[in-house]
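Shared chain: chain A. Partners: chain B in the first complex, chain C in the second.
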Partner chain A sequence: MTKTLSKNELESWLANILKERTLVAPRRVDDLTLFLPVHSTDEIAFDCSNTDLSPKDWFFPRTEALFTAEHKDDDIEITPAVIEQETVIFGIRPCDAKGIAILDGPYLGDPADSLWAQHRAKTTMIGLSCSTPAPQCFCTSMGGAPYDSSSVDILLTEVDDGYAVETVTEKGETLIQGVELKESDVSGSVPSCDAQVPAEGIAEAVKKAFDDPYWGRLADRCLHCNMCAYVCPTCYCFDIRDRTEGGKIERLRTWESCQSKGFTKIAGGHDPRADKGSRLRQRFCHKLLYFPEQFGPLGCVGCGRCVVSCPVNIDIREIISDIQELGAKVGEGSN
Partner chain B sequence: MVREATDKVDVNPFVPFPATLSRVVDLTPDVKLFTLELDNPEDEFDYKPGQFGFVSAYGSGEAPFGLTSVAYRKEGLHFAIRRVGTVTNSLHQLEPGAKVGVRGPFGNFFPMDDYKGKRIMIIGGGIGFAPLRPVITTVLDNRKDYAEVVIINGARTPQDLCFAAEFDDWAKAPNTKIELTVDAADENWKGRVALIPDVVADLKPSPENTIAVICGPPIMIRFTLQGLKKLGFGDDQIVTTLEGKMKCGLGKCFRCNVGEKYVCRDGPVFTFEQISGFIEQF
Partner chain C sequence: MASDFTQQIRQKAIELLENGTVECVIGYETGSDGIGARPAFIYDAAEADRLVFDNTCTHNLVKYLLNKKGKSTAVVVKGCDSRALNLLLNEKQIERDKAFVIGVVCPGIVEWGWNKRSQRLQKRCDWCRQHTPVVSDFMVGDPVTEQPPAAFADIVEAEAKTAEERASFWQQHAERCIRCYACRQACPGCYCTDCFAESLDPEWVGIRIAPAESQMWNTIRAFHLAGRCISCNECERVCPVKLPLSLLNRKLEQKVLELFDYKAGMSEDAPAPLITFKKDEKLGIAE
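On to the complex of A and B.
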């Protein structure tokens, strides 16, 4: 027997959540679907596939003040940023939730990033299994699954007449308290994601292919538009700068991308990654080699957003295959 | 992978310690030596030679700089800062008494204890000489712990040599040599006109029981390294402090990585034995 909720019951539950907390859910805006606050459940795009931008904004906003500073007499008064708002994200996909969870590695590592920690603590995630993964999806190749509940607080899976409910964490338990769930004998197919990207052993292959001219060739067509980093749920590099307005100084953290020209340029003018090839290599080495070395999981969850967004079709799935082949060749050569 | 977030919200590691500029001295036409005093005595800032901190000019931002003082002298935090960008331009406009911020100390440090009993070559070019000053201070304050010291300080012109006021004291210290060199002399300059790698080639230091500590522009480091290796120095006898564009100092912004290493956390001090093992070579 499985705990279930009908579509109507889900909507009234979400409507109740709305009264007390910020509810963020997929919403259609022009031709995009984005995670945005909703004011009524009518605004929720229940039937959407992956949103155009990942929900990382709600944990790592594209611009966020770390603190504010103000001149007071002869002193400077600092007010650290505090996240007060309790937020519920509805409809987050297992891959996106995993993207958030793996960023706990860098962000909660000592010393913990207090803003990230606060966003995590104040946000409850109601996940939604993917009943029909998109053509660009490859979560199963990256260690995920369309019904993976490991990174959400509650996971809903569409079944015949509503949703199967799996409560995963205490936070989820608290949120769903008072909601009457039925015990049903559910039927429905287990969603599958059939893409086969050969990610097994990719870290070793990247190491072997590190000095290959492949990266330079691939980067020839890169426009360093940074779209890949913008849409990626696990790209977390940032910039920090000050903004002054009316005597109030904000120290802002903003998204930044390793594909930007000058990302590594130092004060004397030297840029160790001045060419596009070494910058493109950095992106894939970070996700496929450095991140797993430091934190365990691969730094890609297979959401496929960069695949559809890249204006010149730089495709991480193809890159992983190419690198496996190159790595194998280098391996043979050294024997 | 999911860690408990709730108990980690208290301290915001991006908030600097409040500090006051107590002294500003011109070192060269575009380098000033800033002395910072922490405003709150309870703030801990204990550091070792080679470590660095971020200095905030509120409204302009913050940037990382090597500490040029030594903690045990308790003379405040010294930073030699060249005027090159937004933050450094703002810092250069500040006068003693100005309120600033400082975060740190960050990074690893020169293992001064490991250098005891050894001869030390301290080779710095331009503003790259600044992070080597605490190495010199430590050696000269504990003179008998170390063998001969050879200081090579180079700059574009005689006016650009950092810490000129201290050259006489260093030269007078026992068992200490100082070699100054410039790329372009002026009418008063009686010293060497040569690039640092050429000075090293000319001095022909023996690698025996010697550690070479180098810091400067990438091109100077590259050719000095080649020269030292030609003289028989092993990669483990040559140490440098790397510079990397960085924003946090905490191993989070992922901007200063060289391959799998962070300059901010694993470095900035590396031997060339370590550097030659990095997957990415700068």
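On to the complex of A and C.
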């Protein structure tokens, strides 16, 4: 038996949620779909595909103060940032939720990042299975699935007369408490994501292809903007700087990317990744080699945002295929 | 069968690479979706058959010449792109004898994105009055007669708004800007080795990815391009959050034309008015 919720019941549940919490959901703004706070369920784009920007902004905001400091009675008072607002994200896709979950690796390791931990604790994710994966999607190749519930608190899957509901975590239980679910024998069609990206064994292949001129050639085309990193649900690098206003200092953390010039520039002016090829290689080495080595899963969830957004078609799926080929060649050569 | 333009570009590329005129030909190839074009760098004549030209060849490849300084390079340019060559020549960023220019009389570029292609021309192509490249060493296609300057209805509309309405319009857009700098990275006129936006001392623009800083960033960038923007509109095309950047660029373009009778990139030896000074020039705008 499947527990289900009609579309109307879902809307009234969400309407109740937004009375007490911030409800973040996909919203259409001009030609874009973005995860934004909604004030009424009418604003929610229920039928959208992947949003243009990932929902990571709600866990790792593009700009966030770590703490503020000000002079108080001949002393300096430091106030760490505290996240008080309870937030519910509705309509997060399994790939995006997994993107958030895998960042627990770097952010909740010892020592844990306090802000990340707070955002995670205060946010409940209502996931939505992908009934029609987009052409750029390749989640199944990266160990995910369009109906993967492992990283959300509740997963909804579209069925004929509403949504099948799977409550995954205690946080999900709490959120859905009091909502009457019907028992039904419907089952949602199990969606599939057909794109085949040969990610199996990619870490080894990347190692072998590390010194290949491939990266330099690829970097010929790359513009080295930060877009791929900023639309990506799993890119988590940041910059830190202090900002002063009216005698108060804020220590800010903002998104930053390994593609930007000077990202690794150190005091004295040396930059170990000064050339474009090694900067571009870093992006893929981090996702396909370093991240899995350090934390287990691949650092890419196959949402396809970078594939669609890149102005010069630097396509991670194509790169994975190329690297497998290069790695295989290096393997042959060494035998 | 490859189109005639594609054939001509491939043949020229083979010739230039084989006789050693250039070490690289920068052109277009078909991208990973099999639909749209992407920039291609051809170093070997045997790979020249990757080159294509069709109505998705949107990128302004002149930008890449900045990474090829001192190296003989051929580049495929459309009319608008060719003006960027003159801009960079005027500003002594590239050397004319190092660049072999394959000019293409532009058929107009359609609206397209990854895995989708429409038949509608891009907005900038409606405004375009430079289909024939202004500089070339080899021309593909027959030069066309250009139409008189376009009127920008969207600028008229924007200017009809009150100051408050305009401020709110830009504020709303600034909220979306993620400061990825794709606009800058795609722009042939943006080549500063240290961009003001990332300068730490002085810190012209704060580090925050927030509306105030984003407005500051986009406004200053537009001013830096006053009289220099060659209307390829790549900044607007690449923007992941679709900011209407060309509203600012075209407004400034109109203003520069009106004040200085100057259009950027039309000739190799006419630098932008705001970076030149003439002895008898009138100082001050209000006379």
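We take it that the second predicted complex is superposed on the first by the 332 of 335 C-alpha atoms of A that agree within 3 Å, B and C clash if a C-alpha of one lies under 4 Å from a C-alpha of the other, contacts with A are read in each partner's own complex, and residues count from 1 in each chain.
As a convention for this text, a contact is a pair of C-beta atoms (placed from the backbone, for glycine too) under 8 Å apart; a residue touches a chain by one contact, two chains touch by 3 or more.
None of these values were measured; they are calculated from a predicted model.
The superposed arrangement places chain B and chain C next to each other on chain A without a clash. Of the two partner chains placed around the shared chain by superposition, neither chain B nor chain C is touched by A:Ser184. Of the two partner chains placed by superposition, only chain C is touched by A:Val29; chain B is not. In the superposed pair of complexes, A:Asn313 makes contact with chain C only, with no contact to chain B. In the superposition on chain A, A:Ser131 contacts neither chain B nor chain C.
In the superposed model, A:Ala112 makes contact with chain B only, not with chain C. In the superposition on chain A, A:His270 makes contact with chain B only, while chain C stays out of contact range. When the shared chain is aligned, chain C comes close enough to touch A:Arg217, but chain B does not. Of the two partner chains placed around the shared chain by superposition, chain B and chain C are both touched by A:Asp239. More residues of chain A are touched by B (comparison of chain B with chain C).
No C-alpha atom of chain B lies closer than 6 Å to any C-alpha atom of chain C in the overlay.
Shared contact residues on chain A (touching chain B in one structure, chain C in the other): 239, 241. Taken in their complex, chain B has these residues touching chain A: 1-3, 5-6, 8-16, 18, 58-63, 82, 84-85, 88, 97, 99, 101, 127, 217-218, 243-245, 247-248, 250-260, 279-280, 282.
Interface residues of chain A facing chain C in the complex, by the touch rule stated above, are 29-32, 34, 52-53, 62-63, 135-136, 217, 220-221, 223-227, 229-231, 239, 241, 243, 252, 254-255, 257, 260, 262, 276, 307-313, 315, 317-318.
Listed in rising order, the residues of chain C touching chain A in the complex are 31-33, 36, 38-41, 59, 63-64, 67, 113-115, 176, 178-182, 184-186, 198, 200, 206-210, 234, 237-238, 240-242. Residue ranges on chain A touching chain B, taken from their complex, read 66-67, 69, 71, 74-76, 78, 80-81, 101-102, 104-109, 111-118, 120-121, 150-151, 207, 210, 236-242, 244, 249, 251, 253, 256, 258, 263-268, 270, 272, 278, 282, 285-286, 289-290, 293-297.
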